[in-house]
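In what comes next, chain A is part of two complexes: it sits with chain B in the first one and with chain C in the second one.
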Partner chain A sequence: MRQTKFLILCLLPLLLFSCKKKEEKKEQPDFDRKAMLTNIGNNIILPAYSDFSQKSGDLHAKVQDFNKNPGTASLTAVQLAFKNAFLSWEPVAVFGFGPAEQEALRVSLDVYPTDTAQINKNIADGSTNLDGAQNIDAKGFPAVDYLLFGVASDNAGILAKFTTDAQATNRKAYLEAIAAQISTKASAVSNAWASYLNTFVNASGTDVGSSVGILVNQLNYSFEMIKNNKIGIPLGKQTLGNPLPEKTEAYYSGISAQLAVKHEESILNIFLGGSGLGFDDYLTHLKANYNGGSLADAIHTQLSLVKEKLVAIPDPLSVAIVNNMAVVNTAYTELQKTVVLLKSDLSSALGVLITYQDNDGD
Partner chain B sequence: MNAIKLLLKSICFKNVLFLFLVSSFSFSVTSCKKDDEAESPAPVAIIPTTYNFENVDYAGQTARLAMLEALETAIKKGATGVSVDAQKLKDMYANTNAPFSDNALNTSGKQLKDKTYAPDQALFESYLDSIAVASNSTMVAGNGVAGIATSSSNSSKKYLLSAKGFDYGALFEKSIMGATFYYQAVGHYLTPDEIGAGVDNTTVTPGKGTAMQHHWDEAFGYLGVPVDFPQNTTGVLFYGKYATETDPATGLAHTLMNAFLKGRAAIGANDMTVKDQQAALIIENWEKLVAAAAIHELNEAKGGFADDAVRNHTLSEGIGFVKALKYNPSKKITETKINAIVDSFGDNLYLVDLSDIAAAIDELSNIYGLNAAKASL
Partner chain C sequence: MNVREVLTKPVHIAPLVTFRIIFGAVMFASVCRFVLKGWVYDLYIKPTFYFTYYGFDWVKPLGNGMYVLFALMGLAAFCIMIGFLYRYASITFFLAFSYVELIDKTNYLNHYYFISIISFLLIFLPAANYFSVDTLLKPEKTTSKIPLGILGILMAQIGLVYFFAGLAKLNYDWLFRAMPLRIWLPADYDFPLIGTFFDQVWVAYFFSWISAFYDLAIPFLLLNKKTVKPAYGILLIFHAMTYALFNIGMFPFIMMGLTLLFFPESFHIGILSKLQHLFHFRTTPKKIYPDSLYAPRKFLLVLVGIHFFIQILLPLRYILYPGNLFWTEQGYRFSWRVMLMEKGGTNFFHVQDPATGNICEVVPGRYLSPFQAKMMSTQPDMILQFAHYIDKEYRLKGIKDPIVTVESYVTLNGSGSRPFIDPKVDLSKQKESFLPKLWLLPFQE
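Moving on to the complex of A and B:
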């Protein structure tokens, strides 16, 4: 015993001397960022846009079918096409730069809650002009959500709004205008990516304006959208815990939780680079550590956990935030925990500056 | 953080000296244990007695406290026979059209309105309208008549009252302290969103500290006290004033300040358990402070019951504080109870019952464990 103590005493100084930190990682060959960007571009971004473009086109086609021939079957068909298109939007919603920025995709397609009064005013006026700041929340998926699911309490009532109602013709025209815009923008961005891919892959630095810099910023921004807009605000995180069901993303069709899952999955997928080179490999290459383990694993585990917690939320989310508050709260807590991993640990390990404004004005 | 690091370093150094002698003949050691010891959270070794931490910035909070002071001054002009312009007050509330005589406030980029609990911003603007309406009266205040009321016992005390006896200036000030300062502190900055596991406590921004430190400091900024509070009470504002006034009976000034100091030191030492404990303590005791302030004003209303001017003014302040209790997401009192107390005074303060005021005091002191203190508040 004595000897052990003595030995420990002898070892201590060396131990303390070497406590200096083992921060000095030495130069190693650069990670092949170009290969990672090529993989993410070719195998994630392009297919996601192509899927989105195709499903948006299908939504538009089904709207036209419905308008031509409004009936129970065509209504159900267009409702299904809407859900599929909205769900296919979430994976590309992460990429709010380049062609998507050109087309102002986020603010054109997914501003919620939608302004039903403005929509109804446009319909009453017979206006199908979607430009102007007053229409920013009267178009896109949330507006279609309202028109196809929220104008009456059941499908018979909804159908009547498009057939026997005094404004049926105007309503059909408005629905058509929104669906056409979604489809046009989706294919425009999807097509533009074919040539933008080259720019994307070649901006392979890590500075502001590089593709890695932009992606990391967008991942963070997008993740915070899930935490705040998709979950937190409806859950009442900014209203003293009083839930606000009508602030959910797809309030009328009731698929908000699924949309959140889709979006989060997409972030996880980008992080992993699908089955190819991704940010996880990049972090592993840099030997980035987190709490004694690898940062890549920590982020992977946490993003998977968030997914699990989001999947556990039953749709409609607008009901779950009232009746299943604990489940939604759990998901929210895990979302919160993830932010620091992405915003601080990931970005600093990669040397990326977070440039989007999220401060609340101190 | 730095203080703690220094401390660790000096301990390390002493041990090295001492142990180096002891072990100078030991030479076969090759490895050392990794980071685990070095990085395990250090206990909060030093809790300073003043809020003189490194990298503290709550200039935004200081600006907003100054804005409410200026707004209060403008509102009080209504009690001197000046007709108050509602738009001017709203401009001050939202910091638009350079409304302040201190230009630094005009250009600060800060405002009270966007930090007010969003669903109630319109309510506060309606209070400002009510002030302007009352200030247009040229009559002496009385039941059914808006105007200026003068205290029957002290003619220098004058208040602007609505036709039903409400002092909307007092109501505005006390409840906006809740909907803005208190809400931002306990309903925003001290919540997991701002100081929880998801918030960065590694990257130090010079002058502002880590994100977590900064959020903590911003909560502190809304307390309205000097860094060496409560030994020093010079320049205390809003909650700082009430903490000072109620401290002899409640000890709240000391409790709150200690919790802010200990929590901030804990964040510096990365001790999240202590930080969370202190945040909970602050949230609990700040709520108690709001209740104590309400009781304080209700006591005044009770004491000055026969004096219409004093009673209606202090009762408006008391009601303002009761309403302020709402803005804590983890409050002890229910919203139903808050509304019941407010409703118990009726919609005309000239017709209020003394027993209702006493009942409200009892109700609040029961909820907040202030039975022993209530008479001294």
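Moving on to the complex of A and C:
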């Protein structure tokens, strides 16, 4: 009998090995990951999505106005609405998990450089179907960027493309389809977060798939996107120093540097938890050190410095990478230093399992 | 009694047989788990580049054939468990398992290495000479007694793993800075009952010291008849905790199952008779083969001698290398250094065209899986392998003699990021070997 008991004792865990660790509720002395996640969820993620959803809705509305009454005023209005919507996208772009992942938000809204040939082919065909692999870089903000700023060299020319041009009707329809998709996806993800927030906050463990692990992973991924995709690739860092201006995020409207700043600010804001509990407090609680000082301070200082260097880049970035190369290079160097802090030091200090996601590529 | 008498003392074969059954069962479960988790695809089919071991470049993944290999491995594990075509099954399992492990050092785990060793040793042991399908088919092959030395081989191997794991913990960071437990434990503050204490530094020290003591003492406590049961109780608690706290997969269960070997033979005979009853297994006709003793061949003695000679030297080879072992990792693998350090790294690879002087940054994520990139970021030999791969890629792109450099930063046990590799050294010109890697920068305390 004893033997059987022992055998059961040793085999029992085998049967249970697939069961997940239970979340135990208990009072916390100093720091509580759940409180941090609640703060980030309620005070950063939800407002960011609601802003994004509202501005995407406004873009869609302004596109409809423009299509109904194409004129200089309505064109300027829709162009402004586009810039605001694109800028409001950057803060939520960091949260590429949960509802955003299900809606394939990043892949649907921000693949650049946009494929102008495919866009023009769709317009010529009178097609407004945005599905399919061939259309992956023919939709989203970069496509609107092209349609509202890049189809002609000035606003008069652009207006003509939507009024007198032979394909004006098709072009209007295509623009409308993209704007509608952006707006629909934005409100879908924004609404989904209302219920996903609970899941997000409660995954407060340290295992693979925990919210802290996912957030750190996304911060890293996002930051490397700034360094590589938003700045590095256009600057020619991956092409033996040959700049590629047309690979900037908003090539036609020329707000790429502003977008990068917005994105970086959002990462800084998440790190600080706005005015509430954030990763800085977590690191302080863990007493994480960096060269004699605190790691929280080191990262905070560095993220602020990067912001400064990005703000110094004059838009359009596509011009700055040629004419103001030194300024862009300085920003790039600081971005690289920050990657080390986020990827090695932050990840290593938290003791949380991080699974790296695959790159979307470019 | 002298050593020879102890080693040749006839004992019942039952402990070896339950060991075989448990090993086969746990391996079968592990293989199934591995396949069901989708890891065959993620780790052995999807990547385009693999970090092979030095001297084992010829080991290549088999594409979708990997599934066949895993099926074969699972089948072999099952055959080991039931003792069917045992010799072939154990050879097949050892070869298949080791082949998979040799494909990519990204996936190196001490416990995989342990499984390779155990399955290797099992090839030469008469673990299916009793209570197996083989003996059911050929009852005349049955042996009910073996010399104690046979069990001693497996006991020594298991004991060696714990003991070296304990020795490895006797370092400054582990004992006097409570690193890396000081980083890992606070993360688990929501652990049932005792989690609230994990924030406190003394707990990290307590766990560090107690686990070092545990690893060093457990082999001896298991060997002693008087202490084996309480020792096993402690072992269960220890492995259950490591399972709950850290993401270490099947290892705790493997050790929980295999250390039953140290229990007295009456325990194992009891288990086997229960199993016989359960499966209506017709017991071997004792009348015809009473207490037949298995006589090992001389060959086994030589083999075991060489094996343990290597086993004792391998973990000590690090002494031959200069610098901080945890920093350089030269002589780190195959040494039972388990959960010893917290390391994080970031690399920026650059390729320069010597003809024009133009520089290009290479993002590892473009060629490696996120997991490969992460494992590479702190391991010099992998960084070198990747640099050679980039060299080849850019030669194909038409650059003659590309200069490949890496700007590399690593943090070790909360040290803060430090430069890891000399950023001026052209890694494409550095050869992989067992010699010290002189392009590594020393660890700045």
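Note that the second predicted complex is superposed on the first by the 324 of 362 C-alpha atoms of A that agree within 3 Å, B and C clash if a C-alpha of one lies under 4 Å from a C-alpha of the other, contacts with A are read in each partner's own complex, and residues count from 1 in each chain.
Criterion: contacts are C-beta pairs under 8 Å (C-beta built on N, C-alpha and C of every residue); 3 or more make two chains touch, one makes a residue touch a chain.
Everything quoted here is computed from the prediction, not taken from an experiment.
When chain B and chain C are set side by side, the one touching more residues of chain A is C.
With both structures placed on the common chain, the touch criterion links A:Val339 to chain B and to chain C.
Of the two partner chains placed by superposition, only chain C is touched by A:Leu295; chain B is not.
Judged by the touch definition given at the top, the superposed model places A:Gly241 against both chain B and chain C. With both structures placed on the common chain, the touch criterion links A:Ala349 to chain C but leaves chain B unconnected.
With both structures placed on the common chain, the touch criterion links A:Leu286 to chain C but leaves chain B unconnected. When the two complexes are superposed on chain A, the residues of chain A that touch both chain B and chain C are 7, 9-11, 13-14, 17, 21-22, 232, 237-241, 336, 339-340, 343-345, 348, 361. Residue ranges on chain A touching chain C, taken from their complex, read 2-4, 6-7, 9-11, 13-14, 17, 21-24, 26, 28-31, 33, 204-208, 224, 228, 232, 237-242, 286, 288-291, 295, 336, 339-341, 343-345, 347-353, 355-359, 361. Every residue of chain C that touches chain A in the complex is listed here, in rising order: 26, 29, 33, 183-192, 195-196, 199, 236, 240, 243-244, 247, 250, 252-253, 256-257, 260, 263, 267, 270-271, 274, 342-346, 348, 353, 356, 358-363, 365-366, 369-371, 373-374, 377, 407, 409-411, 414, 416-417. Residues 7, 9-19, 21-22, 232, 237-241, 292, 333, 335-340, 343-345, 348, 361-362 of chain A are the ones touching chain B in the complex. Across the complex, chain A is touched by residues 12, 15-16, 19-20, 22-23, 26, 29, 32-38, 57, 59-60, 109-110, 114-115, 117-119, 187, 192-193, 196-200, 202-203, 211, 214, 218, 326-329 of chain B.
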